[in-house]
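Before anything else, here is the set of structures, which you'll find just below.
Heads up, the next two complexes both have chain A, just with different partners, chain B and then chain C.
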Partner chain A sequence: MKRSQSFIRWFFLLIPCLALSGCWDRRELDEIAIVMGSGVDLTDDGQIELSLQIALPMGIQGNMQMAGKKKPVMLVSSKGTVSQDQIGQIQQQLSRRIFFGHRAVFIIGENFARHGVDQTLDTMLRFPDSRYNCFILTSKGATAKEVLSSPYPLEVIPSIGMKNMQVGKYTFAERIDKFLDSFAAKGFMPATGAIRLIKNGQESSFVIDGEAVYRENKLVGYLSGTHSKAFKLMRDQGSGMKIPVRIEPAGKLSTGMITADLLTTRREVRTFVSQGPPKIEVEFRAKGRIIANDTTLDLSKPANLSRAEQMLSNELQKMISGLIEQTQKEFQSDVLGFGDILHIQHPYAWKKLQTEWLDTYPEVPVKVLASVILERIGRTQKPGHLPK
Partner chain B sequence: MKVTGLQVFWMILIMEVGMTLVMTLTPGVQAAKQDLWIAILVAGLITLLITFLVTNVTLLYPGQNLIELSQTILGKWLGKAVIVIYLVQWYTIIPIVLRQFADVINIMIMPETPKWAIMLIMILLFSYAAYSNGIVTISRCSEILGPIIILMVILVLLSSVNNIRLTNLLPVYADSGALNIIRGSLPSASYLGHSVEYLMLAAFLYQPRKGTPYAYWATIGSILVVTVALAMAIATIGINLTPTLWYPFFEMTRKISLFGFVENLDPLTIVTWVASVFIKLAVYMFITAYGTAQFLGIRKWRPLVIILAPIMLWFALIPRNVTEATTNYLMNYWVPFVLPVNMIGLPLLLLIVGKLRLRAQA
Partner chain C sequence: MRRKTGTSRFADKPFEDLGHIAERNVSDKLEDNERHIRTVFDKCADLVVRRLDLPGSVPCLAVYLNMLIDDTVWEEGVLKPLLNLDAEPQNADRFLEDMVIKLGSSMKPQIADNMPDIVRNIVHGSVALFIEGQKRALRFIANTKLHRQLDEPVTEAIIRGPRIGFIENIDVNMSLLRQYIRSPLLKMERMSAGSVSQTEVTIAYLETYAPQSVIDEIYKRLERLHLESIISSGYVEELISDHPNSPFPTIQATERPDTVAASLIEGKAALLVSGTPMVLVMPITFWFGFQSVEDYFMSFIFATMLRWLRFTFAFMAMALPALFVAITTFHQEMIPTSLALSLAAAREVVPFPAMIETLIMETTFEALREAGVRLPRPVGQTISIVGALVIGQAAVQAGIISAPIIIVVSMTGIASFLLPHYGMSQAISLLRFGMVFLGGMFGLYGVVAGMIALLIHLSNLQSFGVPYLWPIAPFNRLGLMDVFIRVPWQYMKKRKWHKEQQLELDKS
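Showing the complex of A and B:
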């Protein structure tokens, strides 16, 4: 009796050992093709083109001496009608298995975005090795493939360069999950950073200096300049932003401009529902410091400082209302998520509003208030170079 | 075979927390939307009612388990009929949990491993635990694994704090309404209602009379953990995506990113979750084998484990796809039948008839 029992116990324990050793999903490092960035385009003949930037371990290993000889990445692409099918086609070009776990960026080509982003979105979520910490970008004036094949001198792998730009706070960054979430939301339209190619002397490179605005699933336009800045402020990615403003007419020795660096920003949105379209009030508050004073004024004097604060507040107010007007009139897209706030503040009214919010939004009156507090003015009081 | 109160506490807690976190979020959110946390509190009330009924039933005849108890209270034939209803529950839950476990592994981390291989490892492991020394082995395991599992849940929650956006939980109540909140509470209630297994476990306690507080604390503890964890999962993922994901709790751990280098923690969570599945399956395997043996009047229950294991593996391969195993079983059997009958109705019947019988004797 005892012997048979212990035999059965050993049987229970030993069989799993056999099964545990044979792993169907085993993937060794030298068997996978690590995708660092991927992009999707619509070609002129209506096909979808998928491009993958794959890291070449051989190119990275040799460090700086080798870097010139071997390329650190390779670009593969394939055309077709279904994006998932093209991954299979690309696989046929590769001796290693495609692995998406380290994908840093996903670039949507401008042409593709304008015709509607749809089927590729599902691929991002359904795959077990798709990760959330991948950034979404939309290309501007170039295809995603061109952007992915552009070299980038500062990093070994260009996609890592894009990722680090997005992690740093100087570009508008949107991750996959938030992007998908805004597709599903009724009161919140998707937006991504916009990436375009530039030439630095002889070398070509890329820059992320604007935002792509979507309406439902279609790209409707790009934000740039002050509107792009205002957009980052409104999406709580504005700390560290530099805002120049004129506070006195240009003189002989000065341009009359100061530049403020925003330290913390806070936006508050209030919505009002009564008869007719709802009303929206945006209150924007920021704390900042002066980092450049090219005027004749001594900012340590309270009167001058409050003048600077006043001018800055006006400037921010103008920037934000300009942005809102552009989203309402030009894009007709609620990228700032006012609908979501309306949903939270007036849930019962929203039930009626949500069906036609896309058409209501351009008509909604928005009032913008902005106020800035300057906490510090830097190491000097009066500009040091001015004659006493 | 004797267990301590603390061991019973951990067993019930693990059985309730592990599966509820992973399996009930999606069906709950589909009904109650962002008010799921209210729904879980409602589910908690239902669960406390179940615990109240169950503990009081065991106090009628301390030292008797469900199989003996129902025959003592309801007589031989009616008692046996009641046992059959419970046996159906036990015989179906093991294959389903096993299949759900394999689905999670397949969907989340190992898409190409055949499911029989995943299940085979698990079934041999928990059958070993049930076979070797029955409830004693299992309860000792849960005493060790329980704190680790809870620690994992707490760690996941703490490291997700920077990902949550509380506005995802707003507006409260307006989007769902009372009816939807109650509908959303049922899946959670049916999974949290595992305190019903206390009917079988209580008889193994050193002091069956003193087990009641442990059952209550296990229930309260799991309600708290589940409420906080699921509210955080919704606040992290958002109400638009949560209803479309199979396992939002794991997706939440996928989003953890600390200091730029602590990332992709989901395999760790899944492995600890597997520990909770192991305890749950082992407990069910033991009470199924032990209960069947007692029901059929077989003196030795151990050989039944060996007979049951391949049968369970075969049953687990029957559901055709993930929807049949996870959603259909939950929505067509567990919620409409097990919750009202096995978890509330029959314990209530046993309690009332038992009380009357004791009064008549006195």
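Showing the complex of A and C:
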């Protein structure tokens, strides 16, 4: 009797377990629309346009016999004023539930970025299954939708291509969590990689070759060329970067250039607070190796090597000063995070400085020191084309 | 949880001992004895009653069961010496004693006067000799050596080590044990259990090695055993086990004499049951399921590696399908993106939810395994073909089952065969279904809850007073040397560890 009573009690305890939890949250893999990348744009009539790139598992090569006949991804988009609402509108177009758990990239359209991002962005990023290790990019010269609809020949799913570009060390990569951090910080302005469309002959594709710089919540411009390189160096993403530098005038056989590959980089920022605006001193140290020597010099000679090191240091110093000048004068945005370092090194001074840091930063004198040590000079002592 | 004390549920049933044979003594009249024997063995076609005349024309009666007696032993060893006996009955009182001394052969003649006792001996394969005018009878053991060849144990094959297994004959089994431990310390106490079957049961242990409390406990439980028959050691195992309701074995059944001998030296006790090659070893801990006797025969490095392989695969055998179901239906973000896309593509055409799919395939696998055991050997081949082709390939191509499920189920199948002990592997296979259910219902949360419940259950188990998870819980540093690693022999001090275990026993 007692036994059967306890059994009944257990039975009724188990029933609410089934009813109250679990099972109803179950979604099979074929019941979800896996979002690979998403983008947000501002249309000309002032509406927000949300675009999702959704993977079609059936279209992925090697999975099923149908592969190749179907496209691997589809793009859906919706316009409106509130971005969270548009997820609902897109959901109406889809037979499967939108699932953000595998989103690889989030692209902010240029128009939208210039208009200011934070309000709408927050609702997108707050979505429960959105992951913070997804990469954030800003489109340049195109809308996010155009970037997302661009094919990419190397990968089946274009978003995966973007993600892999960001994982590799040749582009500036910012993940959502860091990006949001810099939104919240007063001494650190957000920056993302900049993605733009290019044409490779007939095929169109995309490239991530610059950085988008924000001032507070608005896009203020893009870095490119040597400034882009210097930016990556200053944000500690510079190892493996190739720096060409001229160390002698071009000759008949040679261009007079050597190229160094930076192995490790180290950035030290010192701040000084006294009367007037604070002073900042940046010391940049790098170790590298020579990967190309198109000069008449034999780098195994110490004199030549130290000359090369000197020229490289000068080059780096020029690159970095140029970048800082651009961020101070053109963008007026502390995208290198000097304010944060000032906060750490002079917390009391920062209390006063933080309120007007946006305006102070362009006036702050910055001194840049750079030194390069070349650890290896490569396989050959002299360039191969020179007579022995 | 302790086993409930009190009588077993068989106790209240009236059962008949050989007790319908009235308690009576041997009569000095041969006719009386013959009549009595014939009534006891009424309608027993194999009963042989022979009248003989001993030298000096002493009439006597030989009674035995045909075929239980080895014919040559009977003819050469008993009959001939008896008939050539030149003993004149000088002293009627000492007549039997004289005969015993004169015969004194391998027949182990013994004097008996109790009729039920004699009957019991007859059914065990003795010859009873009633002599006219004597109130006592003689009995000779002339067992037939009817048993199969010693063979390699099929269920516990190993690569390196002795290739001999127990057989159904308890005497042979006992001598196999004696061959490993040639010491008078090895005690083998014999008793018979089963009121009708009168099965011989032998408790073997090493005196001073085995804790007395365990031996006493085994005796106590055997006494409570009220069974009419014991055909296999499985009967005994279930009835004397601490936790018959747990899927986990608390008694080890093995058919390897080396395993048993090694266990005895570790201070365990063994129970040999006549008529079955499976010997019971107790007490055991959870970790026995991951230890093979071969671990101690091979290099300790490989033995340790194998042990970890077993731990890993035991975990997989229990949890892999559940984890698969939980992750693919609740936590898709945990799967690497490209794998998630592949799994999604494989699921596109499949009609059932992942949990149902897994349960179908697991059930099918268990059925195939069981069929493989039952099927006559010539037909057995077809099962693997049917299993591999029909279930594996055709089901996937037809879009009924997705290919990843097949991979998971076959991995699980292989994993469950990696465990050296069948009992443990059965327990894990059984729990797998519950885990899949929990995983499909509640996701990883359910799987983890199931694991915790399992852990609580395991830590509640005891085997003859030894905590099932010893030496992990309760923790014992020395005991650990033979759990996750197999330490080299020069550091293996089992005797000392066993002392620790004994201390643990004294505590409880």
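Operating definition for what follows: the second predicted complex is superposed on the first by the 355 of 388 C-alpha atoms of A that agree within 3 Å, B and C clash if a C-alpha of one lies under 4 Å from a C-alpha of the other, contacts with A are read in each partner's own complex, and residues count from 1 in each chain.
Heads up, the rule we're going with is that contacts are C-beta pairs under 8 Å (C-beta built on N, C-alpha and C of every residue); 3 or more make two chains touch, one makes a residue touch a chain.
This one's a predicted model, so the numbers in the text were calculated from it and none came from an experiment.
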| item | value |
| --- | --- |
| First (chain B), second (chain C), both or neither touched by A:344 | first |
| Partner chain in contact with A:160 - chain B first, chain C second, else both or neither | second |
| First (chain B), second (chain C), both or neither touched by A:185 | first |
| Which of chain B and chain C A:104 touches, first, second, both or neither | second |
| First, second, both or neither for A:131, with chain B first and chain C second | both |
| First (chain B), second (chain C), both or neither touched by A:25 | both |
| Chain B and chain C footprints on chain A, overlapping residues | 22-23, 25, 101, 131 |
| Sites on chain A touched by chain B in the complex | 5, 8-9, 12-13, 15-16, 19-20, 22-25, 101, 125, 128, 131-133, 167, 177, 180-181, 184-185, 340, 343-345, 347-348 |
| Chain A-touching residues of chain C, taken from the complex the two chains share | 328-330, 332-333, 337-338, 340-348, 350, 353-354, 440-443, 445-446 |
| Parts of chain B lying in touch with chain A, wherever the complex brings them together | 107-114, 117, 120-121, 124-125, 127-128, 131-132, 167, 170-171, 174-175, 237-238, 240-241, 244-245, 251, 254-255, 257, 260, 263-264, 302, 306 |
| Parts of chain A lying in touch with chain C, wherever the complex brings them together | 17-18, 21-23, 25-30, 32, 34, 36, 55, 57-58, 60, 63-64, 99, 101-102, 104, 129, 131, 157, 160 |
